[in-house]
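Per-chain numbering from 1; labels A, B, C and D assigned in written order.
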């Protein structure tokens, strides 16, 4: 459907409901949609499930969202970082649930949600704590774990440039989770550094076609 | 977007005219494609729908061999062997196009990201089963292509076909006798003599062309319903 | 490992063994590695399983390979075309086996082979002839079919440009099956129109990273 | 390529020296990486291996956050927040690089396309089980990242670690007591005092540094084997 170009991040996150599952792009701060997360903090939705590789750095972004008690549950691969003190505290106090997912399984479960795959068998994690309680199957002599899609109500991602149809290109390793999360949520919001005219992006180099994007907002990059 | 399949509009009988031509059918389908939709048009007759989308409709065409924002068929000087549609016809590229490989293209389809696909059919059942890939003839070389992916993938599946075979047999049937392409996947059936909405209660006639509802119901061996003006 | 730059298509297909499973890129003639297929005809390997969207056009390429009786089994989505008379004849005479696979399932099974996915559940084909005998499972109220990977011994693909590390870019809809097949075979051979120096391709626009490519050969495009 | 894991070379005891330093361990690992390999170096100590690959080794580094042909750590003027490695350290790009998203990156790993990955470990069992993500301590915040994908994905998994904890406990063990990262996935273990090959028959000592084989066998509570010169 038609992409909405938003005037600011607050407009871009409008309407996110309490209890939503929100996919948040980024690996560390690369590709992290910082302005959208700050707007989500202001927007006020609570009881959220947040799916993101990490669980916040320092006191801003996801850490601020966590600190305000808006997150009921984190689904991530690597919550513990040198500066993840907000998550660490909430987790130890039992104030946030954690579903720990191996990084590649996280990416593949998001892809499955976007690709209409009902479930898949992966060798990752077989025989470990993270496969406990999961169905397994021997395939070609190897134990595989049955994994189900992770679908979001909303995805907040960051890209380098968008055109007015919502086609996106990323930059370097900031690409990370953006392209898969863009396929996996009902409403997908992208913050970008620049919005360009239709036809200005090389069709061979578009990474996320506009079909996946609902809202785009241009933000001023941090200095 | 309101979902037009949820409550059918009252029946309209167009009795001042004959059945729709192929192009009129295509225009009829085009009229039901909302502004800005992402659409896949199946090989053959559904391709004609593109010619009837008004300027500024903002409809983006997907071709399952790996492209969004496909343009019209290529004219002589424009032919590029690297740029074809799913029917292997040379086409053109519109500004804002994107290319992707087959796994990504079918993920887009299977994942429910296309708003509408328009397909031809041998038969559609009142429950929305679709048969459009195989006649079941014993000597036929079977070929399915992307038909099964399209049938189950798009948010809404429109079928465009004549309502009767050349021999006069109805193609909207209680149960398909040809091998299925997809189960319960069709939302709308656009034919030369009537347009049908398929829902949990079966087939509802939305409009007829050159035939009164009662005659149509009589010719078809399928339970039909209609919505009257209230 | 190191990419081998071959002097001609015959060198590029050397060593393909009888009984191999050969993945052949292309959708119709777009992206079809015509020179590699011709070299494979000369090379002489027989008893092949060929995985390709179509089953040959006219009398050249895959059709010639079929006509010479080298193909025991075709795995494809759309063998029947206006000019697929060679396949049609062999099929009717019972001289070639056919596994018919929906096009999206074909692409996804190839991706699964390349991505280390043991099997996946797809809604495509559920309730049809092509799902007969396959395991099914209800997931989220919908019937899904269990599908297994298709792995090749060799993949023959066509791309637009390669650099000397084997990084590939494609052109327009000729991209089609190349990128997935490149991930799914033990030995991957790419014919390209041009081999460029390392650093000449935009790292953001590389579609197939060189890690997937074993041999590259530059061919003169047909006029 | 011949598979160096298939038949171990005869044991070499380096008794004229002490245990390897961290950098000597990294150099030892680097020596076993064949020309032109695609390699993922885990966070922490394994990253040092990059410093010991000779010029012209043709080794291509993968970082699981979406890049091939990663260059060395970025110096001051080169820092780009969009270009980091899996440890979130700013890095550089070498000519011939390629970027891809996370699903593609882990597909590359899980699909067995990387020749070698080098990981740190808390424990490795004689059967090649790896424990490197979680101490199992009740108050620890668990974090796994890509460790489990790396452990099962690469064609060969090298572990680089000290052989004993600071408390003197062996880290090559009959069975891991820490939670596992992967089962039977380790091919080689490079430590400060010995290098081990892990195979169907358990752990074979390839070389020792500053300790005779018999003393090593005595200190470790693991069945070991050795290949003698014939």
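Keep this in mind: contacts are C-beta pairs under 8 Å (C-beta built on N, C-alpha and C of every residue); 3 or more make two chains touch, one makes a residue touch a chain.
Because the structure is a prediction, the values reported are computed rather than measured.
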Graph separation of chain B and chain C (steps between touching chains): 1
Set of chains adjacent to chain C and to chain D: A
Between A-D and A-B, the pair with more C-beta contacts: A-D
Between chain A and chain B, centroid-to-centroid distance (C-alpha), Å: 35
Separation of mean Cα positions, chain C and chain A [Å, integer]: 33
Whole-Å gap between the CA centroids of chain A and chain D: 30
Whole-Å separation of chain centres (CA-atom averages), chain B against chain D: 55
Chain C: positions in contact with at least two other chains: 108, 111, 115-117, 122-123, 170-172, 203-204, 207
Overlap residues in chain B, where contacts from two or more other chains coincide: 93, 99-100, 107, 109-110, 153
Pairs of chains, among all present, that meet the touch criterion: A-B, A-C, A-D, B-C, C-D
Complex interface listing, chain A residues touching chain D: 27-31, 53, 77-81, 84, 87-88, 91-92, 98, 100-108, 110-111, 122-130, 143, 160, 170-180, 207
For the chain C and chain D complex, residues of the former touching the latter: 1-2, 111, 113-117, 163-165, 167, 183, 198-199, 201, 203-204, 206, 209-212
Chain C contact footprint on chain A (complex, rising order): 108, 112, 115-123, 137, 139-140, 142, 144, 148, 169-172, 202-205, 207
Chain B to chain C touching residues, read off their complex: 63-67, 80-85, 88, 93, 99-103, 105-107, 109-110, 134, 139-149, 152-153, 179-183
Footprint of chain A on chain B - complex, ascending: 1, 34-38, 58, 60, 62, 68-69, 93, 95-100, 107-115, 153
